[in-house]
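The next part holds the structures, each set out as structure tokens.
Two complexes come next, and they have one chain in common, chain A, joined by chain B in the first and chain C in the second.
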Partner chain A sequence: MRIDQRLRRRWPWAALALFAVVPLAMPEGFYLDLLMFTFMYAAMAVGWDIMGGYAGYVSLGHVGFFGLGSYAAALLLVHLGLPVFMTAPLVGLMASLLGAGLGFISLRTRGPAFVIVTLTFTYVAQLLMLDLKSVTGGSQGIFLPLLDLPANLVIVPFYYAMLALLVIAILVSIAIRRSKFGLGLIAIREDEGKAEASGVNTSLYKILAFAISVWFAGTAGALHAQYLNYVDPDLAFELIITLNLIIMSLFGSRGIVWGPVLGAFVIYPLSAYLIFLLPSRLAGQLHLVALGVVLVLVVMFLPDGVLRTYMAWRKKGPKDYGSVEAQASMAEAPG
Partner chain B sequence: MIAASNQPGGPAPPIAEPSANLVIRSLEKSFGGITALSDCSFEVRAGSITALIGPNGSGKTTLFNCVTGFYRPERGEVRFGGALLARLRPNEVVHLGIARTFQITRIFKNMTVLENMIVPIRQIGLRTLFTAGIKGPERERAEALLEFFGIAFLRNEPAGRLSFGQQKLLELAAALMAEPKLLMLDEPAGGLNPVMIDRLTAYIRELNVGGMTFLIIEHNMGFVMELCEPVIVIHRGRVIAEGSPAEVRANPAVLDAYLGD
Partner chain C sequence: MRPGLLAQSLVLGILTGGMYALMAAGLTLIFGVMRVINIAHAAMIVMGAYLSLTLFLHLGVDPLLSMLLLIPLFFGLGALVQWGIVNRLAERDITLTVLMTFGFAIILEGLQGAIWTSSYQGIKTAYSLESFQLFTLYVPVVRLIAAAVSLFLLAGLYALLTFTMLGRAIRATIQNRTSAQLVGVNVRLVTTISFAIGIAVAGATGPLLGMLFTFYPATHWLWIGKLLAIVVLGGLGSLRGAFVAAMLLGIAEQVTSVTIALDWAPMIFYVFLFGVLVVRPQGLFGVVERQSL
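And now, the complex of A and B:
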């Protein structure tokens, strides 16, 4: 039991150490790219889960913040010469402010208004980037100056940046889960009226959670733009990105710190492999179908996600629940 | 009986926050064509255990909802101390010192008992919000309250696993975490066995001696008669009688409301 617990606490650090040395062992190629995108999706999924998992409010708008983050970073670089690695966290803050504004409009009521508003927001953002041709170049997009690095090493800084983003996401998620704020968010998910009757300022909590949640999307979008050296409205606002985040969170388990991480580490490599396997003419469509199938299977057979189902299975029988601290930390969460 | 105001040169302020009277004036609320409250007025004196009784559908719970910010009354006003409540949101009402429980017990079933105790929040401050939730004086208070209600041994159980009676006690204990001056209980004895009801009565008395005001909706007349003074009777959304339990029992209008037409 004790060894088991110690292992559970330490494996994330072991994994982190391992990921940190991967680029030294193989500084180029397919796997580095694969890991980098996995980190990016995991970080955004953990961020999505702060809103979608803890508070229970499903956002369909995260790609809107991702895309706007891409554009903001691109414009800051092209017009002001500010490097993306410097501006990315600030671009994330801009996304958070925008998220707070959007939340202010849509989160003061309960229910599905939020879902609709976030989805609409994505399309409005995309349309704006398409139509504000004088600023954004319209459908031609914006080319970003290349990084001054040898072509085979160019991925390395992005790899570490996305890894750092993931670490930040996990730490923030753990901190929220342990805080009174996090308890308030879960209370909102469980029974919003009762949460209000307990003195929880539900609107403020939700707006704050959403602002934190989209920071990761905005920051990831900024980094992604520089990685591709290019941004256009189709690429930056692909709805599939939001869907990925949702499927990853559902698959791994919503409302648990490590749920979306697990989901991202399973779903992203699988879909990348699928795209790699299939003839490119079909890959785009078939990969969407496959994601849909995964979603249906998860909803039908694992409605609580892999991690929660596994935890429930392990807890079966007359077992103690462990301390609340242990539950609040790491993979353990009630439910 | 009147809320103490600390005038300069007056007596030293008491240690506990002074409670305040809850004043309800000409409250009106209807749903579609159905009038739930019409010209409903009464007062809950600070330090009292006031009962609110009446036949089913007489408007008791609607009144609770109007006071605690869940409904917006169409007319009339609700005052607590100096504050006007009618336009506030439920959480703001809690921050003024009014907590409530629900007719059908509402707890966070997937959270542990202790977590249920930490959710309620009286004052909002960013620092308290983002430090670890379950710790320090707040945790001690939560533990003490759970001890007080005899459910501390369940602290790490998911609240949904508690028995019905335990869930009611947890809801009450959690409401107390918000440090209310006025506690509004909607059928606290409903569905409890006689032993539990005796315990509940003792708990409420003890809290009342400590200075807490109560407004209680209850159908269990034994419980009301033993614990509450005064008793307010409403029927069709307005007050038809008010007085000591004995006075109310002797009032023909009350009998009429329960049995008549």
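And now, the complex of A and C:
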């Protein structure tokens, strides 16, 4: 048990050290690309889970922030010459501000408004980028100047940036989980009425959680635009990105720091491998079907996710990962 | 703006609005009884369009006739899916149920792409391009047919909900599930039937959509956006609200496309959607959601 706990504390650092030296061993190629995208999805999924897992409000619109982040970074680079690696965190902040605005519209009440607003926000964002032709180039998209690096090394800075984004996501998620703010969010998930009655400012908490949640999508979108050196309305707003985040969080376990990380590290490589396996003519279509089937199956048979199910099965995880009942009783404590 | 042009966009708006109302009716009915937003609703409508197109191309079945086949087919499928899958989950967790319908939408989109490819389609019948003059107004025949069929089906739905015992049970379940159960309504069965009716209506709208608009597998995302705007503006769960909102937005869309630009017409839906959520979250005809469900 003690060794187990010590392992639990140390393995993230070991993994981080390992990931940090991977590019030195193989600075190019398929696996670096795979890892980079896994980090990107993991970071966004951890961000998604701050809203979807802790507060229990499912966002269907994270790709809207991802896409707007791509566009904002592209425009800042093309018009003002600001490098994306510098602007990405600020672009994330813009996404957060926008998220707070959307939250103000949809989170003051309970019920389905949040799902509707986040889903439609994606179309609004896409439509704006398509129709504001003088700024965004419409369906032509925007080309970003290439980074001044040899072609085989160009992925390395993105690899480290996405790794850093993932580390930030995990640290933020842990900090929230251990704070009174996080406890308030979990109280909202378990019983919003009681949370409000016991003094949690539910609207403010939810809006703040959503703003933090979308920062990662906006920042990742900015980096992704520079990685592709191109952005257009179809690429930037692919709903499959939101779908991936949801599947990763649900599969790994919602509301647990490491759940979405585990989900991303399992789902993304499998998903990439699947595209590789499928006949190329139908790959895109069948990939969609497969992801949809996975979502439905997870929702039906594994709604608590792998980690929580495993913890429940072991029945002696640390307090932090306790059962829903334990969390609910914890949630009622502050007030 | 010339008055003639305004009158013309009013006519087109009302005719299109009738079809929007039928599309939204199923969505708002399902929300009413289950409190679940069926994100796959538009994907099911597009599925209806594809099936109707296939029947038309290979067997020469008129799209309007194919509705007679699609309605029972979609009713049966809807009942099966609701009873077998959705019901079990909806009683546990509404959020997960919404995610499940999101999954259904993705599956349908992928299947449509795999079967019919991603290229643009449209159902082009012999009367597709016909139109007639009414005074100075131009009236496309297919739009008139679509509006008439929609109004006919909506009237049927209205009669079913108003004058039959089943309709009373459905309305009671929408108003208060627990009380309905207390007075002897079999709410589980009523929920399944309502869901199936909603899906059947979606299937019936498919051929109309296919005749009026081009479609491809991913179009359902555009449609679900429009439909959500309609049902939220009308008040979630309110059929009357959905009808009024559909007409309003159908007209607003046409007016926008002639006064501003065709590109911006879809945006009018989202302007209304976000606006109504800020000003009046329960919509035009909605009731304020009770805080404990």
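Quick notes on this one:
The rule is simple: the second predicted complex is superposed on the first by the 315 of 335 C-alpha atoms of A that agree within 3 Å, B and C clash if a C-alpha of one lies under 4 Å from a C-alpha of the other, contacts with A are read in each partner's own complex, and residues count from 1 in each chain.
Just so we're on the same page, a residue touches a chain if its C-beta (ideal position, glycine included) is under 8 Å from a C-beta of that chain, and two chains touch if they have at least 3 such contacts.
Remember, it's a predicted structure, so these values are computed and weren't measured experimentally.
Once the two complexes are laid over each other on the shared chain, residue contacts for A:241 go to neither chain B nor chain C. When the two complexes are overlaid, the chain among chain B and chain C that reaches more residues of chain A is C. In the superposed model, A:175 makes contact with chain B only, not with chain C. In the superposition on chain A, A:193 makes contact with both chain B and chain C.
Within the superposed three-chain model, A:202 lies in touch with chain B and out of touch with chain C [touch as defined at top]. Applying the stated contact rule after C-alpha superposition, one finds that A:183 touches chain B and leaves chain C untouched. Across the superposed pair, chain B and chain C both touch chain A at residues 193.
Within the complex, the chain A residues that touch chain C are 56, 58, 60, 105-106, 108-113, 115-117, 119-120, 123-124, 127-128, 130-131, 193, 239-240, 243, 246, 250, 282, 284-293, 295-296, 299-300, 303. Remark: chain B residues 68-70, 89-91, 94-95, 99-100, 102, 106-112, 114-115, 118-122, 124, 128-134, 155-158, 174-175, 178 touch chain A in the complex.
Looking at the complex, you find that chain C touches chain A at residues 31, 35, 37, 39, 85, 88-89, 92-93, 95-96, 98-100, 102-111, 113-114, 118, 217, 221-222, 224-225, 228-229, 232, 236, 261, 263-264, 266-267, 270, 273-274, 277-278, 281, 289, 291-292.
Residues 175, 178-184, 186-187, 190-191, 193-202, 204, 320-325, 327-328, 334-335 of chain A are the ones that touch chain B when the two sit in their complex.
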